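Labels A, B and C are assigned to the chains in the order they are written; within every chain, residues are numbered from 1.
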Amino acid sequence: MGFNSSKGPSFFDLLTSQADQLVIGVDLLRTLFSAPEDERKALRKRLHEIENTGDELNHQLINKLNQSFITPFDREDLSDLASALDDCMDLFDEAGDLLVLYQVDNIPEPVDGLLSRQIDVLTKCAKLTAENMPKLKRPQDLRDYWVEINRLENDGDKAYRKTLKHLFDTGLDPVTIIKLKDIVEVLEKCTDAFEDLANTVESIAVKES
Amino acid sequence: MGFNSSKGPSFFDLLTSQADQLVIGVDLLRTLFSAPEDERKALRKRLHEIENTGDELNHQLINKLNQSFITPFDREDLSDLASALDDCMDLFDEAGDLLVLYQVDNIPEPVDGLLSRQIDVLTKCAKLTAENMPKLKRPQDLRDYWVEINRLENDGDKAYRKTLKHLFDTGLDPVTIIKLKDIVEVLEKCTDAFEDLANTVESIAVKES
Amino acid sequence: MGFNSSKGPSFFDLLTSQADQLVIGVDLLRTLFSAPEDERKALRKRLHEIENTGDELNHQLINKLNQSFITPFDREDLSDLASALDDCMDLFDEAGDLLVLYQVDNIPEPVDGLLSRQIDVLTKCAKLTAENMPKLKRPQDLRDYWVEINRLENDGDKAYRKTLKHLFDTGLDPVTIIKLKDIVEVLEKCTDAFEDLANTVESIAVKES
């Protein structure tokens, strides 16, 4: 046993697969965002399926932890990474749910454009994460990854605040503003979740160094 | 000294007592939810008292940690469990405060029924937690507990989103919608707190396995 | 090397400097809160600068961790402290941004007075934190600090709920209520962040005891 076990995927394989699901997830989220209303439920269903796949990978990792005598990092660190990846996916899923639930259409500019800028940031975060998870074996080498994610989170933050400001200036009815504000905020939480993941990687690097 | 110490309650006794307070707390929350306005302040006062009892148990556990040479789990894990239990109670208390503070009455259906469905989920979470804390000695055996709490959290999530959707369809004035949305959201946070607690137990099981 | 290293500030020096920035930050926040609109952007710029200084101190500490063979506490604990201090500053910064972004003026009493009471609590939290960080070498001696921060957080909580209640009674338009509610809530999150920091100190004391 242990992490060299030939049986099944390694811890790094499982974390990488979770990250790959995030790339698929954010792509579905973007499609959902601009999809006509009658297609949204089907897209949300697919997003739920991706989220379930992520959950299963998370639990596979926990089970592997239970069966392994030797682990590449501390057990808690591996489960922290898996649950940080899971948090990102849960928030994509929540964003997708709100888009279907609130049925907000013809979002006026610049709000619509700013929302998709938030999704752009999330797409970059997901891709960067998927590129770097396979290199986790040497967390100290991932410095560029966590620095870039922190930079992206700052961009996301700016987009978020700009969106809020313009949202209040739209003169839309208060209830629509409340709904759009929820969507803006869940997208912001997604970026924060990617930052939390990057910070987890950074703190593992600190420990392992 | 150590966890076999005959002086006073064991760590498991203290965590179990905290969980028992949660069962009393959620019960008060339900009563408060459906109580006539003139009875609410008295009920909130009792909820505050329960919350204080929970705090005291939390601090007793921390003090016991300070006095114990041997602990059944890592010190941090025991304090994490105590504060996770405390978080659940703080959110019950917050929910109770909002119910009194916002004085929202005659909540229209289906919102009223959906809110009490959220409280049903919380009641199940609290009872399940209280049943399982005494078995903490062997966290690996609590798999059914954390799986069920995660399932309940998903139910709570569905109830939460359904409530939001219907809330926006009520045609209530925006300010009432904002208030009710706060209440729906704090109840959702309570379910999340029970999930966090269950995840803490799961990660201890992983470590101890 | 190690924490007796004569090269550069010690871990405790760095954490203390981060705390000192919080005192400057909360002071700017108060000035910003009562400043005429045309001065706010300049004040926010200064608040951003303070936030950047905090970030740099945070990263200095992480780098020092990477270079130190011996650390006064576990590596994770030191990085947890640094990031808890950073969270407080990020929330000050966010509060400042909202004050500029939302351009809410002539806030009616008692809301205006209650908002500055929330800032009073934050000022006390920041000062108390800055006074106590230099004593971190013996975390067990900081009991009064974390007890007092928890007490202040309870005061903040009361102020927060009272503010919400009165906010809804102002009869302001819903959009202004949403904006002010955001500001009230970010100030409440700041107090929570100071409590999280104090709890981190407490849990280190528990471990080190």
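What we mean here is this: contacts are C-beta pairs under 8 Å (C-beta built on N, C-alpha and C of every residue); 3 or more make two chains touch, one makes a residue touch a chain.
None of the values given here were measured: they were computed from a predicted structure.
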| item | value |
| --- | --- |
| Smallest count of steps, each to a touching chain, taking subunit A to subunit C | 1 |
| Same-residue or different-residue interface between subunit B and subunit C, half as cut-off | different |
| Superposition of subunit A upon subunit B: rotation angle, C-alpha, nearest 5 degrees | 120 |
| Where subunit B and subunit C are represented by their mean Cα positions, the distance between them in whole Å | 27 |
| Junction residues of subunit A - those touching two or more other chains | 174, 178 |
| Complex contact set, residues of subunit B against subunit A | 161, 164-165, 168, 174, 177-178, 181, 199, 202-203, 206-207, 209 |
| Contact set on subunit A toward subunit B in their complex | 62, 65-66, 75-76, 79, 83, 97-98, 101-102, 173-175, 178-179 |
